[in-house]
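Chain IDs A, B, C and D follow the sequence of writing; residue 1 opens each chain.
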Amino acid sequence: MIIVMNAPTPDQVNRVLNKLKQHNLATYCISSGGNTIVTAKGDLSACNPELYERMPGVDRVLIVKSPFKLASREFQADDTVVAVANSTVSSFGGSRLSVIAGPCAIESYEQLYESAVGVKTAGATMLRGGAYKPRTSPYTFQGLAKNGLEILKAVKDAVKLPVVSEVTDPRNVDLMVQYVDVLQIGARNMQNFILLQEVAMANKPVLLKRGNSATIEEWLMAAEYLMAGGCSQVILCERGIRTFENYTRNTLDLNAVPVVKHLSHLPVIVDPSHGTGSWRWVGPMAKAAIACGADGLIIEVHPCPEEALSDGPQSLTLNNFTQLMDELRILSAALGRPVNT
Amino acid sequence: MIIVMNAPTPDQVNRVLNKLKQHNLATYCISSGGNTIVTAKGDLSACNPELYERMPGVDRVLIVKSPFKLASREFQADDTVVAVANSTVSSFGGSRLSVIAGPCAIESYEQLYESAVGVKTAGATMLRGGAYKPRTSPYTFQGLAKNGLEILKAVKDAVKLPVVSEVTDPRNVDLMVQYVDVLQIGARNMQNFILLQEVAMANKPVLLKRGNSATIEEWLMAAEYLMAGGCSQVILCERGIRTFENYTRNTLDLNAVPVVKHLSHLPVIVDPSHGTGSWRWVGPMAKAAIACGADGLIIEVHPCPEEALSDGPQSLTLNNFTQLMDELRILSAALGRPVNT
Amino acid sequence: MIIVMNAPTPDQVNRVLNKLKQHNLATYCISSGGNTIVTAKGDLSACNPELYERMPGVDRVLIVKSPFKLASREFQADDTVVAVANSTVSSFGGSRLSVIAGPCAIESYEQLYESAVGVKTAGATMLRGGAYKPRTSPYTFQGLAKNGLEILKAVKDAVKLPVVSEVTDPRNVDLMVQYVDVLQIGARNMQNFILLQEVAMANKPVLLKRGNSATIEEWLMAAEYLMAGGCSQVILCERGIRTFENYTRNTLDLNAVPVVKHLSHLPVIVDPSHGTGSWRWVGPMAKAAIACGADGLIIEVHPCPEEALSDGPQSLTLNNFTQLMDELRILSAALGRPVNT
Amino acid sequence: MIIVMNAPTPDQVNRVLNKLKQHNLATYCISSGGNTIVTAKGDLSACNPELYERMPGVDRVLIVKSPFKLASREFQADDTVVAVANSTVSSFGGSRLSVIAGPCAIESYEQLYESAVGVKTAGATMLRGGAYKPRTSPYTFQGLAKNGLEILKAVKDAVKLPVVSEVTDPRNVDLMVQYVDVLQIGARNMQNFILLQEVAMANKPVLLKRGNSATIEEWLMAAEYLMAGGCSQVILCERGIRTFENYTRNTLDLNAVPVVKHLSHLPVIVDPSHGTGSWRWVGPMAKAAIACGADGLIIEVHPCPEEALSDGPQSLTLNNFTQLMDELRILSAALGRPVNT
């Protein structure tokens, strides 16, 4: 049960909480934009929701059956639109699609600047680039760290594109918010709840990648951690799951797109680069993602993929990306939901 | 190594086989359309392919590295086009897309006739319907068997649509070819090599579904069984794989579409009905399938899904299907590869 | 609902069937050892089981909730013991364990004879050997077919060991029963229902391998097909499932052993050779299988694994096997369930 | 290539590093117990290992092919023995087995004290109990946090059992080392490299659980993060992987036990409680784990499982646990590797 209270007094909140406790329900309280949202869990059979609707300060009472509450369509019927940096063209979940592009890792100012100019010219409205790279081996390139963030900020200012970058350490959140417009939670950290709780408080939109073995429900529960922590601007990102099939590095699970749009009001975008692991399948799967209802894409692009310090095999060249954007424009127009540029 | 011989004499074939045996290579011989194709396996390092190219009757010699030979792009660069019943509109792998539709199981003449008229009106150019249903439980409906085939033939003649139906027993192949235009190998029988070998000799196109846990390579090896047995008219069909994700009944693996088109010259179509297990996701995934390059679709449609004897939850109503076909026409036109009607 | 009738007259059976039909229940009738077993499916709420218990000829009425009926512990509380060829030492499901061993494929009389003598000396009480080999590629060794069966019979008679061999073709069942003591259904054919139905009628024990992507429930449903077809002597065999982990060829799922022993009265044995794909892990996993309650083992042994025509990497040498049997004798004695020899 | 230097001077280390850089190799330097270990990655073909063996301060040079270096058998042939708190009976990897037991979560002093006394009496030599619980839902019990650690310390002192507890936040490592003898990295954090790096510096043994979708190689790479960070006392723990099979909550992958013992010198224990998700399978799988070579077990035990705040269904009662320990003593003695008590 979710009780939404509109600008309540502390006393009004306490009366609600006390009554819930009398009914032996566990409570969880979130303040968000003047509202207070009380989540109650337990055996609801003995308690009458109508009772709570009549209490002072209470706006409405919802029975939400799914384990994710704030992320559910039951809680909010209308699509959430995440407008990054108040931009109308870097916006996810509305009537148009947005494409994020850029290199896997930030390697140098020149590399990132060339990427940024190229992807912006082709039609991307947001730049990606990693400064902190979680790598399977301790002996491989781990990113430029703070230097990478400095480069990212400089390129962002020079090229005028909002930026997203991955945060991996709860102690780094305060630093990162000074540099990026969207904080990314990577697939390996999807259930790093400590990190989710810290990021939720940063007052920035969050791009939440699906863990490579996470069920859709676990993914939405991770989003719920962010929302319960006060962050309502969550962009979900499907990026491939681990299956028995090894021809592709991951199995991009596009089924998740219509499923998530059905279960949740949050925007969902698709990462065909990590999702497939090879540049060759990025184009077809990007088009498929759009066709099944994704709200946008995030694509790895590198000026010189064969020299990339990470994920070269799955990066598009600027030429490939430009051609793909041309195809996506035609396709998205036919689908009635054009790409932002 | 594959040695293609053009209308060779038996003596010419024997000379080739003998030389291969001298090189300790295992040989496998197929006759197809006047040609004889000799497959040689083993350590090729000691044998000179040029040697074989100069032997009488030999047309060309190919080194094919993939385990599937005849199904590979290396063996045949151009797309195979399977024109069912010599029809130009029930054709797979060419410049236009074709859609197969109909009920999971044949239940009665009325049910199948109503389905057939409805899907044809909406734009399908081929009818599906099962007479022999492999079911997990011995206690559930197993299909109408020969009676089902009689109904299928009657409806086919009445409505003028070519038909596809599943064969499950090698002893039934001769019977089935009298009723159907395309023989379907179901997912559970993808590695039933006895059945594949029998079906390969039937001189009919074969719709080969991917096993729900088959790798792409195993699937193409199953196609190779058909081709090595003399059947060159193979239509591959992706229908979902088994993963840890249980929100959808299967995980439709659209990545397989561009991968198979890259590795093989055979047409590949998509079954979003079995692939997802719910009518709700059929539309979005059908569109995604087209967008990533599928050569066609096979969709379950039932006049009254809630009363279907099998697979009701994943069947579209005729209204849903008609609307989907309208959307597919717009989408496929934008992609430059219109749907046959 | 299952209605067990003891030596009923045809009329008594018909009265039961008619009453079930009045209650709108689907019925399925099996005769086995003088008994007739009627399975009824559908909405049981309206029918009173007690009513049926009082009908003439009815011995008892059982409500079985699991989808497998005859294979369930609810239907039969006591363990089924399958005594192969009436032998007390080639018996599965009783107070002692039995080990089946031998090569993957029958290659020659000498190879099989040497294997048989060796494994019998080491303590195996049953011989395995394939004459029909389902192989992923049409170009690899497919077994010696009928010649292989002749060799198998000759060695069986010479060495006095009962034998098991795989059947792949429903048209071959009549032939095979002349040569083997136990018919094996391979993993790829676990859901080849046509084959199961044919084998069920052969009046021989059946070794039913779990499909490499079959759930435990699907596996027990395949056993149900055999039992519903009249075969009560089913030995289940866990042989590894397909997962994301590729270090081992398959992931031997030993969890299935206690689960199946809990759900079903049928014996379950383990194949650590196919289950892991490498001789190196056969010993440890064989011991683990015994420790978690398996009723026996089936192990690939070859006199010269590096020259085996199939599955060499996972075959033990005779020396390795002899040593393993010594270890298993100690272990199984400590577990209170000694190995037959 | 790994270069082990014995008590080198800084100058000696620099000479090695400089030469490696001349060969264009990436270097990584670890100091551990007086030794300095230099890891070099890149194209080794141009560099002569013998050259490095002759440099001053260099003890030996190893070519390690696996991606994990310090964790590999190639680097260290002998088994690592982790003796917790210098105890001979809470020791992992030696000639005897050790069993860790206790509740999933610390709920109260009484609950933990009763558990500790019970499991010690039954033969466990180490206590488990979680103070920080990573939970899928933000609305469920998350552990008693610091209060839980206080209880854990009090019970540890009262009952004289070393303790292990999970660390989830890099900012908590300093706090936790004051309370626990072994730091546990949970399955969800196996690739939380930030946490691994922080924990590696804590100078405590680490229990590293396998991620539920981690390959064996990824798991050993996570151990490599710990070892490269200076922690040589790593205990690996198999706890079940995610597969398509849902009858058990996870699929305990016992194959990993002999595989890891083959690839690595690190001890490996098994958690049959999380591995199966139900108390019913804990006993059989614990025995199987011992039989295939595990160095120990970690088992969830609760005085009153039906009232446990988390993981009740998979917890043994004290009675069940006592009986299991009796069985394990007999089994482990027969295997020649008795259980510590």
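To be clear about the criterion, a contact is a pair of C-beta atoms (placed from the backbone, for glycine too) under 8 Å apart; a residue touches a chain by one contact, two chains touch by 3 or more.
Worth saying up front: this structure is predicted, and the values here are computed from it rather than measured.
Participant: Select the interface copy of C-D from among B-C, B-D or A-B: the correct pair shares over half of its contact pairs, counted by residue number.
Facilitator: When the contact pairs of C-D are compared with those in B-C, B-D or A-B, A-B matches.
Participant: Hey, which pair has more contacts between C-betas, A-B or A-C?
Facilitator: A-B
Participant: Need the CA-centroid distance for the pair chain A / chain D, whole Å please.
Facilitator: Centre-to-centre distance between chain A and chain D: 33 Å.
Participant: Report the inter-chain centroid distance for chain A and chain B in whole angstrom, where each centroid is the mean of the CA atoms.
Facilitator: Roughly 38 Å separates the two chain centres.
Participant: Averaging over Cα atoms per chain, report the distance between chain A and chain C in Å.
Facilitator: 49
Participant: Going by the contact rule already set, what residues in chain C reach two or more other chains?
Facilitator: Those would be 213, 242-244, 246.
Participant: For a test of understanding, state which residues of chain A touch chain D in their complex under the given definition.
Facilitator: 26, 28, 39, 41, 67, 69, 134-140, 168-171, 188-189, 191-194, 212-213, 218, 221, 224-225, 228-229, 242
Participant: For the complex, which residues does chain A have touching chain B?
Facilitator: Checking each residue of chain A against chain B gives 213, 215-217, 241, 243-248, 251-259, 262, 275-276, 280-281, 284-285, 287-293, 330-331, 333-335.
Participant: Touching residues of chain B toward chain D in the complex: what are they?
Facilitator: Touch list, chain B to chain D: 213, 242-244, 246.
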